[in-house]
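What follows is a pair of complexes built around chain A, which joins chain B in one and chain C in the other.
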Partner chain A sequence: MKNEKRKPINKKKLTNHLTAYAFCAPWFIGFICFTLFPIVFMFAVSLTNRKLNGISNFVGFANYVNMVQSPTFWNSIKVTLFFTVVMMVVTTIWAVILAMLLNYKQKLNGIFQFCYFLPSVIPTVALAYTFRTIFGKEAGLLNAIISQLTAKNVMVNWLYDKRTIYLAVFFITLFTYNTGQMMLIFRSGLNDVPRELYEACDIDGASPFRKFFGITLPMISPIVLFNAVMGCISALNGSFALLYPLTGESGDPNGMTQVLSLLIYKEAFSNMKVGYACALSVVLFLIACGFGIGIFAVSKKLVYYEN
Partner chain B sequence: MGRKKLLALLLSTAVVCGSLAGCGAKGTQKQEGSVAGSTESKAGESSKTDSAEAGKKVTIAVWNEPSKDEALNMYLQAGKATGIDVEVTVIPESDYSSKLNQMVSTGNDSVDIYVIWENDIANFAQVGGIIPLDDYLAKSTIKTDEFIDAVAKLSEGLGGTYGLPWCAATELLYYNQDMFDAAGIAYPTNDWSYADYKAAAEKLTKKAADGTTEVYGSTLPNTQTWWAGIGGAGDQVFDPAKGQMVIGDGAVSFVSDVAQMVKNGTMPEPSSDTADLFAAGKAAMSWQGSWNIGTYGGGLAFNWDIASIPTDKLKYNTLHTGFYSINAKSKNQDSAFKVIEYLMGEEGQAINSKASGNPSAIKSIAEKGAWKVESVTTIENWDAITDSLKAGVFGYTCLPSGVTNNAISEFNSAVLGQKTPEDAVKNASQYAKETIGY
Partner chain C sequence: MNSAKAKKRAGRILIFILKILVAVIMFSPIIWVFSGGFKNLTEFTTSSDIIPKNVTLENFNYIFFHSNYYLYVRNTVLLMAGTTLGTLISSSFVAYPLARMEFPGKNLIFSLIVGTMMIPGIALIIPQYIMFGKIGWLDSLLPMIIPSFFAYPYNVFLFRQFFRSIPKELDEAATIDGCSRLGVFFKVLVPLSKSTFTTIGVLSSVFWWNELTQPVFYINSDKWRTLTIALMTTFMYTSGNAFVINWPSIMAASSLMILPPMLLYLFGSRFLVEGIKTSGLKG
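Then we have the complex of A and B:
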């Protein structure tokens, strides 16, 4: 009797569900094969002493123990955190400034936007090699220009002097793809800020700074959050392409630029320690998660959503 | 709805097939350009059929482009002589070792002959990535009993002969004769002491009115020659028994010397400059590998010559080579050995020497002097090469590149005054201990 009372299967509903799942399947398969599996595999390999030539034995958490005892690792963590935070802040602020400049109604705006964005489409590695030449000590273009302007023989060792290295590196980050992309996103966000809010400010006699901090920044805060997250991930993962050609795998000078991604490369491909490199990668993964969670937590208090 | 279902089904099938195709059957295709960043050149369109292997194709992995001059392209000549098509896969030097390690770990069969570096040969033999050549050598004309001693020693303990040295390169002192003449200083000789070198470097340095250096007495040691200085100052550099880096007082002494010379303006600071200051006429002397003889050729705008690296506490020189070895997964092992046999023979070795300026590791072939590069007319002291070979040992090249690069980064920091030479050497040793024996 119970069977008789059971609802008949809604064939149409089932078909709809299956169709939806089928449409989602390509993404799921891609996610499982190219994201989830590598993450799980990376963690599994981090528990072995796998070398690049394939030799591998289970060693438990030995890689993690060795890691926390290594001064190189702790230096790299310190540099990574510093580099990520500063790069995120510097590139975000620069992108906002550029977007606001471009937002002013003026002639040839398109050309300015093209010029600002042009360096961003140069591959990061090529950009880094170019700047390596520009920042050279003996034959660098920058020193030559300063020498001409000051009529003195200027020989600043930009990329090897501990006083100038961060200045040089963070300056170069302004020309990366990430900054250009942020600029375009900010620009579209600025266009969406209602004009009447600025008009009300003008009537009240608000200064440009008051308008920026009272109107512009709150209104584009969701975009700031998005760009901050993207900038943070880009700094963590993408800094390798910038720093490897600039300062080498050892993060010269004196390990001051040896971010975790450089150390991972060095351990995996120069020292052939794949297991250890995977353990470092797990730490990098956790740091990226930590930054993501941290930014979202802070954003609950700082980001303004209209709806 | 039917169209939607069909589309979804087609998309899903395409993704599954694509994924399976990407993951599967790695060795079934011929790997034309499969190595990232590699370029390939084809050699050996021979019609000779005097070999049983004639017509087969053999691929060899190397890190340097073969000579564009056909007569000096040993792979092309090997193809002509054996009747075997020799394909050359060039992998950039910076990635060479790691790519080969990946190929061995994945059982890649796209390359038949690897030219393996000193620090990889034992590992590759241990994991069975390359085959012992003893059976082939028993029936071969290759003069294995005439290898220089260092090569024979490096093969000890492997349980067989897994690789044959393609050359024996050394490190030399290059000097600008015109600058020596102008300063009235006698040319360096092969028995020059380290003190002679330092004194000459000081005299040859030219400074501007504001105190900056216009011409340096010597260039900074490069990634290779740092170790010649450290070995010369008395350190063992590499302990073959333990496979460890061994540096201490010698390294501290040499790093301190370099730091002092940089401070005096006799040597340039470590920097991001990529220009060759010696070739540009901005430095009077330079310690570099013997392979630069071929690179400079007759192309420098001044007269130059070579001498042995100056002797500090002892005469020390790092040997450099690569070992021809056969991939254990190769389906053309017999053909591969035929090609190696040619390359290790008198003709192949002579062509290699003429193209690169590096002597053969086979004594009787090296003695014939094919390495005296014809295009270089200013060198008179060719004895510097034989003298350097006598002092040659396999040193830092047997260590992982991450360890040696890290050490040089530490030395550079000391030279720039960012840490003491003692701390730099201690840090480099500690990192080597952490890394080696992993």
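Then we have the complex of A and C:
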């Protein structure tokens, strides 16, 4: 009897739940087909010696054994970790600087935002080629500027010199899509910091630095976290589109820029070892998971949440 | 008091100068690209002047009249329109119950969505390549367009943040007036979220217009080549010598490629800051 009494309410609840699930259905199907299945499939293929033409045999953990014995692999791991961490830090800091400059209300702000944001809508390939010529040895813009300033004939091959390659690459990351997007998110976040806090600070006569580290940074820390996560993913993900046209699949000079995604591409399409490329993909996947867990663990200690 | 005022003024001027300096740094690559397109190969490889000595239109002439430029533009526009349409429809749909309804498993679904945001697409691209090869989708735009109709986690997240900032009372009022869940979505939330639809639409269009990685993996014939791949292939070796990179041709093609995102930005810029809601991130 009791059940019958409840039935109409339950029915309504059930319809509501079903409606919610119906709305979620596209994501669910996509999640199964384009995320979950590929993950499982990737593990499976990594245990075979599958070639690009589709011929494959089960080989157990042979790919992983080959991998850990390969110096190229370890170099690539090192480069990937280094590249991801540095790019994440550099682009996040630069995005904060750009956002703070733009949020300082002055004349011509519209033009400044246009100039700051526009590089990030340039196709990454075009950006890579642009900087290959700007950083070029002969007739490169940068060498020309330095030569003008120092009155010496500077001939540095920025992208092929071991000493300057990282400087050059990280400079280019300031112009990528990700930096521009972070800048927008920071702008919106900085606008949400209550004005009264700064006014209180002004009365106390605090320096701009104290204002930044005492108020701004704690208030926007959740956004810094969000952007750090996005920056980390796009460093892992977007490095291919930047470095493939910039330094090639072997990551010149000497593999110094050969991140895992480049190595995966090279193994799959130049060496046609798809099974091995899948084993590398598994490692990249695990690195991404590691970064995710790491960032959240750090954030629990450092991020300030309003209640 | 006066000295404090003077100090403040000096600070303002200093910041203004800093702004100009940063603007010059950020904008110089764009000027370099545009000027490079008007140089010939000899001048490009010997001089680093911003203003070309002999302005030439040969690069544009080649691109417009002697290459498959219009085919590449068609492919890129198809890719951009298909994926953006797909993600706008599907991601806003999925975000709706996550922002507005209570149902078992909601938190699990949301954590999974945030979790998948953390997986870089490139880690799964090889298994997907094999998968799409089995279905026969390789060398077409389908491997990129079809998945976009099944909601991108990042866009779901942005939609959810925005929907949450719309007062719930509006939904309730509409429900009392006899609106169904679907009705509330189309009559209340969608009209109020124009800025978010525009923002995500612009960001997605720009992303796919510029996307290189997935086309490089999935497309190998000229028929479905996008502009980004054409930049690495068709426009690279046009000097008649297979070993000489024709930089001015790349620069000319690049400047043509920059224009559409630039216009999209000019059109969407007033929505951009407004459309990304971060307030919901706090707590």
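Operating definition for what follows: the second predicted complex is superposed on the first by the 293 of 307 C-alpha atoms of A that agree within 3 Å, B and C clash if a C-alpha of one lies under 4 Å from a C-alpha of the other, contacts with A are read in each partner's own complex, and residues count from 1 in each chain.
What we mean here is this: contacts are C-beta pairs under 8 Å (C-beta built on N, C-alpha and C of every residue); 3 or more make two chains touch, one makes a residue touch a chain.
Everything numeric here is computed off the predicted structure, so don't read it as measured data.
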May I ask you to decide whether A:Glu138 touches chain B, chain C, both, or neither, giving the answer as first, second, both or neither? both
Can A:Val121 be said to touch chain B (first), chain C (second), both, or neither? second
Touching A:Leu159 in the superposition: chain B (first), chain C (second), both, neither? first
Which superposed partner A:Asn271 touches (first chain B, second chain C, both, neither): first
Quick check for you: in the superposed arrangement, does A:Gly214 touch first (chain B), second (chain C), both or neither? neither
Contact breadth on chain A, by residue count: chain C or chain B: C
Quick check for you: in the superposed arrangement, does A:Ile223 touch first (chain B), second (chain C), both or neither? second
According to the stated criteria, A:Thr72 is in contact with first (chain B), second (chain C), both, or neither; which is it? first
Once the two structures are superposed, pull the chain A residues common to the chain B and chain C interfaces. 19, 23, 26, 29-30, 33, 54, 133, 138-140, 268
Chain C residues within the chain A interface of the complex: 12, 15-16, 18-19, 22-23, 26-30, 32-33, 36, 44-48, 90, 93-94, 96-98, 101, 103-104, 106, 109, 112-113, 115-131, 133, 147, 149-151, 153-154, 156, 181, 203, 206-207, 209-213, 216-217, 227-228, 231-232, 247, 250-251, 254, 257-258, 261-262, 264-266, 269, 272-274, 276-279, 281-283
Chain A contact footprint on chain B (complex, rising order): 1, 4-5, 8-9, 11-12, 14-16, 19, 23, 95, 98, 101-102, 104-106, 120, 123-124, 126-127, 129, 208, 210, 212, 268-275, 277, 282, 400-403, 405-406, 408-409, 412-413, 416, 418-419, 427, 430-431, 434-435, 438
Chain C-facing residues of chain A, complex: 16-17, 19-21, 23-24, 26-31, 33-35, 37-39, 41-42, 45, 50, 54, 97-98, 101, 104, 106, 111-119, 121-127, 129-131, 133-134, 138-141, 143-144, 174-175, 177, 181, 184-185, 187-189, 191-192, 222-223, 226, 229-230, 233, 236-238, 240-241, 244-245, 261, 264-265, 268, 274, 277-278, 281, 284-285, 288-289, 291-292, 305-307
List of chain A residues in touch with chain B within their complex: 15, 18-19, 22-23, 25-26, 29-30, 33, 49, 51-55, 66, 70-72, 132-133, 135-140, 152-153, 155, 157-162, 246, 248-255, 266-273, 276
